[in-house]
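Structure record follows, encoded as structure tokens.
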Amino acid sequence: MAAEFLFSQFLSGLTTAIFLFLVASGLSLVFGVLRVLNFAHGTFYMLGAYLAWQTMAWLAPTKEGFWLAALAAATGIAILGFVVERLMFRHLYGKEELYQLLFTYALVLILGDAAKILWGTGQLSVSRPPSVEGSLSVFGALLPGYNLFVMVLGFAIAIGFWVILQRTSAGRMIRAAAMDREMLGSLGANVGVLYTGVFVVSSFLAGLSGALVSPIKAIVPGMDVEIIVEAFIVVVIGGLGSFWGTFLGALIYGQVLSFGILIFPRFSIFSVFALMAVILIVRPWGLLGRPLK
Amino acid sequence: MRRRTLLASAAASAAILPGRARAANEIKIGMPMALSGPGALYGQPITKGAEMCVAEINAAGGLLGRKLILLPRDSKGNADESVRVSRELILKDNVDFIVGSFTSAESPAVSTIAKENKVLMVAPTAKTIQLTSPANLHPYIFRTASTTDIEGRTAATLMAKWDVKRVATIAPDYAYGRDIMEAFSVLLKKLKPGVEIVDQQWPKLGQADFAPFITAQMSKQPDAVFGAVFAGDFASLVKQAKPLGYFDKIGNRYIGAGETGSIEMTRSLGTDYPVGIVANTYDPVIWPDAPEVHKKFTAAIKTHLKDDYGSSWAIMGYAGVQALAAGIKKAATIDADKVSKAMIGLTFETPIGPQIIRGKDQSANRGQFWGKLVRTAAHPFPVFEKVEYTDPTPFMD
Amino acid sequence: MSRRIPWTLVVLLLALTIPWFGSRYYTFLATQIAILSLFAVSYNLLLGTTGLVSFGHAAYFGLGAYATGLLMKELNVPFLLALLAGGLLPAAFAGVFGYFCVRLTKIYFSMLTLAFAQIVWAICFQWNEVTGGDQGISAIPYPELGWIGAIPGLGGFRTGDHFYFACVVLVILCIWVLGRITDSPFGRLLTTIRENPERASFIGVDVRRYELAAFAIAGGFAGVSGALFGIFNRGVFADFMFWPKSAEVLIMTILGGMNYFWGPVAGTIMMVVLNQQITSYTEYWPLVLGTILLVLLFAFPGGLMGALDAGAKRLRGQKTGGGDA
Amino acid sequence: MLDIDNVTKTFSGFTAVSGVSLTVEKQQIAAVIGPNGAGKSTFFNMITGHLTPDSGAIRLNGRDITGIAPHKICGAGMGRSFQRTNIFPKLTVFDNVQAAYLAHRGKGGNFWSPAERFYRDETEALLRSIGLWEQRESIGGVMSYGAQKQLELGLALASDPALLLLDEPTAGMSATETHEAIRLLERIAGERELTLLFTEHDMEVVFSIAQKIAVLHQGRKIAEGTPAEVRADPEVRRIYLGHH
């Protein structure tokens, strides 16, 4: 009994972690290359959820349309990311870091209100697709099929990233950018294209994760800031620019929340900030990060 | 040189004109309300309800021969912003009354301002008992909302009817959640001494990940749950709890406070709604046994909101203005002190029938609609099987 | 040449004239601007002077508000004493939190300041017994300032005006002190940290200690402004410490121009007035604010003061027939 | 004066400096040379406290300064200039140097008096001696490269060092600038009775002013001696001077 319970609590934490990792992965990628913490990442995530809902509303009769809707939402947000990067963001490269940060915050404000104008203030909801409706029992703990699907996808994205980072020339450039900016220039990389590409991929991931959480979380105004703070923290405790650090950060956060509430029932409101404070005090550059130059 | 900026800015701020002087043929009502941020979900329909009431009164010739003017302002759901806009309404727009402030954090704050400026205020939605506790009561604060006491205690009477021994709770970790749980458990233990509270979960307000709370609670094997998780948080809870078998395991013996039975909630969750649970709402909206006045109100609000189903929240703004209007009418003046006196013991009409403002805590006897949610062929979302209005009078002290 | 004009005094005198307009609303608006100006100027000691981007300055604002509010309401402590506590307590907290924060740099520093601020917020949000939880502490008494009415010429004013006079004098006093600190050798060495921390350490600046001192001083003055704001607002709430408040002070400072000592004041005036004007018409204040930010970033990166400064230079250049604009 | 004893520094498996010792006598002008990646910068950063050696010891006037903070080493009488120009770019030339005086002479604890009143004469004298007095109102970061280097020297001198470490003092300079910079250095070192330790890639510069030269290669010291001795060293000729 006790072991079963601990395992199901672990699975709950893992679910929390993987959903958070999906969002944080794109944030981590952009930070590694562009050296900007993109506040608007959470807004892209929220817009992804809204777009998925909208596509579902258009595809009304078929619930399996969710898969298409998720893809459409992710693509839509990737296009939005492309436009934002090309038209505006790139003009701020080379300016002070703070201004880039403020730019992304301005996007949060503007796009947040735009979503409110388009979809209202009420909550929206997307149903789980029937193909992953059921749940399966793992060592006596119940694991919903949809969560399992997202977990597999989360791990697949993590491994996929690892392969891309290690094995492709784009990956080498991304790693170089994360480690040493001067090296990037000497690699002869087309920095402009790399930045746009990374921003678009990150936006795609934000849109995708927004669409993927819509069957398990309500779509409400304000979900953008709620998630961005958590995602930021996961990226920071993992070590900025470190992809595996983000993965590890998310896993730790999930378990800290999951088991923290067993010990301190009123821990939830502190959890993520307490975790960040402790980790940054002990390891000033995050778990797998290196000092910023 | 650059310090000239300062002078220029000072001059610019001086250019803002203070509000027009009070017109003799108008009665101005300021309405600080959460129109942006998470609270906008409620604030918007509440404001629409108040708007409609004002329009109806004006169409019928106004009040004391004067026209009502409603000035809604976005409080952003923040206490300090609420205070700021309330003062602005009083000092700049010269409002005669205030109907509004949304949350339990905003309302006591605005109440202080009302008292200081001797402007009478009606709080249409604030549930905190602190608002009208003896220490905080003053002649200029009235409440037409239900309270955490009423909500928690009426839920306890429902729970007491069930054959359950092990009860768990889940509520957002802040004053509302803790007050309602306190009210609930004290009365439940009195009504049903054998019952045991086996688990209490406190997710934060705005929690999106409920899985850890759900599995932790299920491990304590409760027979029934009283929940006060509301709005988007409730939707997230349900979506994550259902596939974990949470509702099945307790045989749907879940009582959901925080207006989780509202039509907004059932509509947005649709087929994902955990049918079989008992939940509350301010206005059942789809209510076959409704009194005539409610049917009329529902028809009107549907048109006003341009929505096929209306809203369960609009009634709160509507009734708040009704209470104030009745008070002004009875006092036959807009003098705040006289209206205040007139409102004590006042009976006023609302879409769910007449309500009384008692003197003790200057609060209306606004009760709770509780009912079990079921699926029917008539609607694409769950509706109340049979909704019952619980008179709050026995639970108000 | 502009240094010879005692700007602090000029601002003080100008600000003191507001109640003579006779509008309670002007006084109300001016009080808000005065108090928040101090908040922003204290923040700029970190941002503009030392180059530290704190995401948690609101914590010290809120701590000051709670300290003074509780002392005045629960223990009837006299105003000035309570205000002093409202400065010292946040300074002490800033000293402790800052000790850990200044060991970090750049975005890590910012995130740790955020973490501490949010933890403090969460405690205040939850601790019903002391802080009143999310409902905060209402009905904080006004200080006893009736004696102001006894000053010749100030007889005809209301309580709100008296409080405004007190606020303006206190705020200007604090801003003056902050100005002295900024211009002092200590302040000058803070600017070397902003410019080049590595170099600063090798002209003999103990970077962390200086940063910590600046952090504690800024926290203390933020606390004083929070204390005044709590009284002005007639209540103290956990919202005071929530991170959007920290974002707000950051935006106000940049809006006004972080490279100018009076920049944050200009930014505060702009924010307060705009917010007040725009919320009267629409609930889409974030949309407006976001657009203003975009315009600022792309067109006026020096903020309001920067834009005016550039404009004034150009004007001067034209008059003298050329020169470097 | 400066006594470096067998210092080693390793970065994640890569040994940047391995067991290097060096002694610099009072008022000596010494140079450390070596090809790119020889470990010169790491060596310097250990001396100035920006890096802590894994092993070995560094003594300044007999006092152990191994691994102590840069600002303390600065206080102990060591000044330094950096390879990449390292000034306070948005401050004026005058304020740059004045700040260095404020810091070095411990005025940082003064929160009250206007900073501009302090050390005006000292700053003026120093700016005149390094030839920047005319440009005192210029913003540091917008001056010519050579002038920035001069300013950096000024920052180092303001802390009244007995020992001055210069990392590539003429890097990026034109031939004329280099010539002037070297003359300035020699003059200042003479006037102030300074001990100089510098790295430099321009061999002409090194051999024209250094009294002692140490050669680093792949983190090890392979030769040390007078310019003539180093020039004659066969290994140095082979691996280093041969490249030129």
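In order of appearance the chains are A, B, C and D, and numbering begins at 1 in each one.
In the analysis below, a residue touches a chain if its C-beta (ideal position, glycine included) is under 8 Å from a C-beta of that chain, and two chains touch if they have at least 3 such contacts.
It should be emphasised that the depicted structure is a prediction, and the values quoted were computed from it without experimental measurement.
Counting only chains that touch, the fewest steps needed to get from chain B to chain D is 2. Among the other chains, the CA centroid farthest from that of chain A is the one of D. Remark: chain A and chain C have CA centroids separated by 34 Å (rounded to whole angstrom). One simple way to say how far apart two chains are is to compare their mean CA positions; for chain A and chain D this gives 47 Å.
Centre to centre, using the average C-alpha position, chain C and chain D are separated by 42 Å. Centre-to-centre separation between chain B and chain C, using Cα means, comes to 35 Å.
In chain B, the positions touching at least two other chains are 36, 40, 173. Multi-chain contact residues of chain D (touching two or more other chains) are absent.
Touching of two or more other chains is recorded for residues 125-126, 284, 286 of chain C. If you check the complex, the residues on chain D that touch chain C are 48, 50, 69-71, 74-75, 79-80, 82, 86-91, 95, 98-100, 102-104, 107-116, 118, 155, 158-159. On chain C, the positions that touch chain A within their shared complex are 53, 100, 103-108, 111-112, 114-116, 118-119, 122, 125-126, 243, 247, 250-251, 254, 284, 286-287, 289-291, 293-294, 297-298, 301. Contact residues on chain C toward chain D in their complex (touch as defined above): 180-181, 183-189, 191-192, 195-196, 198-207, 210.
Chain C contributes residues 2, 5, 7, 11, 14, 21, 23-26, 28-30, 32-33, 125-126, 128, 133-136, 138-139, 229, 233-235, 237-240, 260, 262, 265-266, 269-270, 273, 276-277, 279-280, 282-286, 304-305, 308-309, 312-313, 316 to its touches with chain B in the complex. Only residues 1-10, 12-14, 16, 18-19, 35-36, 40, 73-74, 76, 78-80, 83-85, 87-88, 91-92, 103-105, 108-109, 111-113, 115-116, 128, 130, 136, 173-176, 178 of chain B touch chain C when the two sit together in their complex.
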